[in-house]
């Protein structure tokens, strides 16, 4: 850290890259995870403000919303960008898709169940968006403190996906052989002998599911 | 258009905003739709090159892939960005990657062709996984009994590997170099070698393209 | 066999596996891991050839055939699932070996070598195998670099995103992948139809406070539906979402929503 100005520049580049690639707003605690060194909230906020300044006058701006910081297109550019949309249909963010997948495959579930599986908080917006779309609804409440709502998918959901029942959704069990174990080190540059160093890893979770399912 | 320099700046801002918000690469004809005025391909390309230059040294860069132009984070920043999402996309197993390689380098091929080369049955799951990933699709049928589907790689495949065409993929090994008699000249004197030249039963577009490219 | 220092061909439980099987003791489990790594008979043959630094263009057939059969036998005795392709290859090797013993007319040259087709296939497979490795080393979108996703509020333009079944599957796969990282999140999947019927029963209980047990079962829906409905009911009871009550022995069973203390206070 002999040239702090350069380091700060690097920190800003990392922040920018992370914010530009994230599908969801990023809150300060998440942004801190980006760095090895401990960054104070103050320093981070200063950097974000600086970054916001850098983007002034561009078609995209850095904004601070309830759940954190995100880049978004300025409304004035909307009309230009909209001209492209007939070609590229929009897509839901990963958070929405995962929430939907959990509700579809594990229904009926509470928001807590979804959070338990996803490992992160599920924003009200996501649930509301899916409800407004008519794809999920509340089918009851779990009788625990707080009586959380139990969500399930609707007929509209099945119709929109063009299936008649949940059974027709893609089976998940056969994904097993196609993927390597998550978090496995990248396949090492293999030497000539035909057997890769790392034993072909069997994806554990799917296996577990299969066992659980057949148990 | 009385102040062309300013207008060009505006055009660049619109291009940038469109490219940053698009989830797919944008090709020149699409980019042209952004503007009321007719823009020549030349002018557009100049602008894109300029934009690419503006982003030099940042964590995100503008790249030209098979289906057009897109922004991406530089691979060097992946290790930071990864910290935000413990989810990594699947690393495909060897069976999947070998199937993909055969389709990429020998396209168009039938499942039978792939099985012939790999010497084992190719499971439907593998083909389906690659299709769902959008990396391969059916481009026709071979007119033999059963009319087997002919598979080829897609633009998305090239996009995802950040290349513009098949000939940017790593070149295939020369068969001669595979002879591993350490130090020995590649079997010159013996009349034994049963395979002197590479048999090319099918048209090999990749090979042809590569030859054409290097010619 | 062991005079040449061979690079470890596999690591099993952190231990490098150098030679298989004679020269090194390998725990039976490890051997299975080792044997299962081959992508097929061609892969196994290439391994045997490369291990000995043999010239692919001049394969000693009888030695190779012997080794190959040894491996196949090992797989068989360990009752590993032995694909038919392995046996087919064994037959082919034996055939080539026997043809090698016959005198060959010199004039026919290259084509006359009984090994020609095998060699062609081995080289072609190896070429693709190496290509696959290189392809895998190329940076991939999502895996090795991230794409930019700046928000553009498309719902303002009145367009709703499309979702198809494959997207859902991919989302689930992403969850599984993460679950493998966070071990404590156990994700299990019951039969989907059971979960669907759980939702269905809950929906009905929203309308009526309780339902007679047998009302849930309509024989005309077929046995499969009856079974699934029953399983759904058991699962609902297990998850404390419904209560099953019976006033008297052999009396009617009633299904009602589980009401907790909180509900009682309301």
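The letters A, B and C name the chains in turn, as written, and every chain counts its residues from 1.
Criterion: a contact is a pair of C-beta atoms (placed from the backbone, for glycine too) under 8 Å apart; a residue touches a chain by one contact, two chains touch by 3 or more.
Computed from a predicted structure; not experimentally measured.
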Give me the chains shared as neighbours by subunit A and subunit B. C
If you tally contacting C-beta pairs for every chain pair, which pair wins? A-C
Calculate how many whole Å lie between the centre of subunit A and the centre of subunit C, each centre taken as the average of the chain's C-alpha atoms. 25
Could you give the separation in Å between the centres of subunit B and subunit C, each centre being the mean of its C-alpha atoms? 26
On subunit C, where are the residues touching two or more other chains? 43, 50, 126, 129, 133, 136-137, 146-152, 166, 169-170, 173-175, 177-178, 181-182
Residues of subunit B whose C-beta touches two or more other chains: 17, 20-21, 23, 60, 71, 73-74, 77, 81, 86-88, 90-92, 94-95, 180
Under the touch definition given earlier, write down the residues of subunit A that touch subunit C in their complex. 17, 20-23, 60, 70-73, 78, 81-82, 85, 89-94, 97-98, 100-102, 104-108, 116-119, 133, 139-140, 142-145, 147, 150, 152-153, 160-163, 165-170, 172-173, 175, 179, 181-183, 187, 189-200, 203-206, 208-209, 212-213
Sort out for me which residues of subunit B touch subunit A in the complex. 13-14, 16-18, 20-24, 26, 30, 33-35, 58-60, 71, 73-74, 77, 80-81, 83-84, 86-88, 90-96, 123, 125-126, 129, 180
Which residues of subunit C touch subunit A once you look at their complex with the stated criterion? 6-12, 33-34, 36-38, 43, 46-47, 50-51, 126, 129, 133, 136-137, 146-157, 159-182, 185-193, 195-196, 198-199, 202-203, 205-206, 239-241, 257-260, 262-263
Please name which positions on subunit C make contact with subunit B in the complex. 39-43, 50, 53, 55-58, 83, 85, 89, 109-111, 113, 115-116, 119-121, 123-152, 166, 169-170, 173-175, 177-178, 181-182
